[in-house]
Amino acid sequence: MRKLSLLLGLVLTLLMGGSLFIGTLPLDLLLQNASVLWELRFPRMLIAVSMGVSLGLTGAVLQGFLRNPLAEPGIMGISSAAALGAVMVIALGLGGSHLFAVPLAGMMGVVGVTFFLYKLMQKHPNPLTLILTGLALNSLLGALMTLILTLSHNPYASLEIIFWLLGSFAHHSLGQVAFVIPLSVAGWIILWRLRFTLETLSLGEEMAIVLGASPKKMYGFLILGMALSLGPLVSLVGVVGFIGLLVPHMLRPFVDHKPADLLLPSALGGGIMALAADMVVRLLSNHIDLKVGVLTSLMGTPFFLYLLLKQPRSSHATF
Amino acid sequence: MDTAVQKGHFMWARVFIFSLFLQAQASIISLDLCADQWVLELVPPRDIFAVTYLAQDPDISFFSEKAIGLKVHKGEIEELLDPAIKSAVAMDNLDPFIKNILEKRGVRIIVLKSPQTLEEVNEQRQFLIKELGLKEKDSNPFPSPPLSRKRAVCYGASGLSPGGKTLLGQALTKAGFENGFKNFKGWKYIDWEKILEADPAVVFLLEGPSKNRHHPFWKRFMKNRREVELPKKVTLCACYSTVNELIETMKKTHHA
Amino acid sequence: MLHFEHLTIGYADRIFIKNFTAHFLPGQLVGILGPNGSGKTTLLKTIAKLTPPTEGRIILGGMPLQAFSEQNLARVRSYIPAELTCAWPLATRHVLEIGRSADHRNWIETLDLGNLLDQTFNTLSSGEKARVLLAHSLMRSPKVILADEITSHLDALYQDKLMDLLRDYTRTGKVGVVVLHQPDLAYEFCDQVFMIEDQKLHLLSKKPPQLKGQILS
């Protein structure tokens, strides 16, 4: 695990440096406008990496927590809540009123859903409740989003909503980044502290309790950590798919399937994948218009299917 | 009492009388916002059976004033079954289900292409005039002005922006600007490094106020440039009058 | 050390054992027998604080069980379920590491697990799993060890060995409660043998309490 993390960390660091030199601006113009590096490429790099880390980490935590390799950070409804808040503000035409209008609205949605999930899971701390509630929340929030789209009289607002939903790391200011990243880091720390619980959970919820995990506490921390890791970032960036499902799945064999040891490599791997995808988007932007979420899904899905089919049956755990 | 309301009542009464006595005349319906624009531009009101409710929204409909007083519909099938309807005008994304039903009822359907260039605007205009048997109106409507050195771009806040071979790009040229995005054709997703490279003196914004303008980079970039918001009613749909208005709007920024 | 006070266990619609009181001293290994569905497993789970009792209470080392936090309780009691599947294809070595065991000692040797360490836990036979889980339990040196049918899938040799081990372990001042299917094993190794029948806990046999190196009256 240590070697793997070191390697992934090294790759990520190299990519972070390299990404500053990727863009469409010719070098002579770049030298005249050095602020492009600091005001455009640097925050873009930071936001891509932290989104990737959040997705990789939350994916690994959630899969370990629910003991289900199909779990994906979106299943709890937190991302949908962020999206709904943001979409509502865009549809009302307030998206341009302030730099923080959209992300703050998204975070209001996240706070609401988190509070609801937290209250519910303190009453019924079990995975089925979490999955079913997430399913219900996702379809409710999805319906509300569709409603907003259909009610919106402004075709440009609808276009903006659709583009926003596709997710993009571009054009976020340093101020926004400085606001969002500390919140995410707080979420990462909370999730990181769930390592022991994840380890014990691999023997089932009952054994986890026997070994000292408290159901109420672990669901509380899970929801809080997920909300902080995902909520602010999704509110700013939009929904970027598939990294949270793919990366933990890909790296699990390298840590001998140990759910706690998966967290760090998965977080780093998520950062690499998000940043690499964004760099590809930028490199190709003169030839083809791609959105980073589209690219991750396009690249990820066939690879994921390949891994799934290649795997020996025994490693499909208990499903 | 408010005169607009009185006028509205009067218009409604007129439509009502027409529908009683001159039913055969009000026989043309338009099925979406852009078809509304064409019909409202070319067809006399007494021949219009109905337009969509969107046509009365002054934000997005160039001919909203003309549409007030006309019968409106919401595109529900049952609204379209009136036997008075003889012709329907729609853009090429018409729902095949609706198309099928109308055709079965013997309604003539005139499908217009969304024009992507000025030439296509003229083509569609001539096409509709011919199809509806209207009187020929003045053609060659877009005279080219002298070219200025000023560079301008149209920029969509969601990033999607028009390049060389687009209606908006051509409108820029007609308005006397050099199109900063002329080196790519069609619509393209633009990030700010590309705008910086294009270095326009004027940026025409397509999509209302955007959060971008609070971004420190954008603020600095726009310091010595002009930012002009184009009204939606002239960028959403293209018929002769909207394009003309679009060009006029762009021209005005030369003087201001 | 382990004390049942007017304990009733089961669920609202299904009571297994009604109103029983018992007391177990350090050094005792307790065997529970009973037909299928009589509530043996539920009894163990109630002692493990995985299921709340319907009535009454359990006192562990002078403190009511309900007052223990999960974390504190984990330090003093362990529980071995009758069946266990790992959610991930973990190697046996890694399963043994789960839960930060303090004491690795020589349980791996004692229970002959050396050649199983690198195999995937889920591919082990039920008997092998039982040995692994017992080792996992003992490594945490619990004061109360609860085991559900760990001998059922073992051959005769290992049955004796495991029971012997459990008895020796409890002799060091711990309490063991084991659910068994084989009465002969219970009579041979356990200090007290109970039978669940008609919602009652019948005491079948009782040996004098013993601690290693000393005899208590």
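Letters A, B and C mark the chains in the order given here, with residues in each chain numbered from 1 onward.
The rule is short, and it goes like this: contacts are C-beta pairs under 8 Å (C-beta built on N, C-alpha and C of every residue); 3 or more make two chains touch, one makes a residue touch a chain.
Fair warning: this is a prediction, and the values are worked out from it, not measured in the lab.
Engineer: Mind listing the chains that sit against chain A and also against chain C?
Structural biologist: Joint contacts: the list comes back empty.
Engineer: Measuring from the mean of all protein Cα atoms shown, which chain centre lies nearest?
Structural biologist: A
Engineer: Suppose chain centres are the mean of their C-alpha atoms. Which chain sits farthest from chain B?
Structural biologist: Chain centre farthest from chain B's centre: C.
Engineer: Per the contact rule at the top, check every chain pair and give me the one with the most C-beta pairs in contact.
Structural biologist: Chains joined by the most C-beta contact pairs: A-B.
Engineer: Give, as an integer number of Å, the spacing between the C-alpha centres of chain C and chain A.
Structural biologist: Each chain's C-alpha centroid was found; their separation is 43 Å.
Engineer: State, to the nearest whole Å, the distance from the C-alpha centre of chain B to the C-alpha centre of chain C.
Structural biologist: 79
Engineer: Where the centres are mean C-alpha positions, what is the separation of chain A from chain B, in Å?
Structural biologist: 40
Engineer: Which of the residues in chain A end up touching chain C in this complex?
Structural biologist: Residues 67, 196, 199-204, 206-207, 209-214, 252, 256-259, 314-315, 317-318 of chain A touch chain C in their complex.
Engineer: Can you name the residues of chain B that touch chain A in the complex?
Structural biologist: Residues 54, 57, 59-60, 156-160, 188-189, 191-194, 196-197, 206-217, 220, 232, 236 of chain B touch chain A in their complex.
Engineer: Contact residues on chain A for chain B in the complex?
Structural biologist: 23-26, 29, 33, 35-36, 39-40, 93, 95-99, 101-102, 153-157, 159-160, 163-164, 168, 170-171, 173-175, 282, 285, 289
Engineer: Using the touch definition from the top, list the residues of chain C that touch chain A in their complex.
Structural biologist: Chain C residues touching chain A: 48-50, 69-71, 73-75, 77-79, 81, 84-91, 94-95, 98-100, 120, 122-123.
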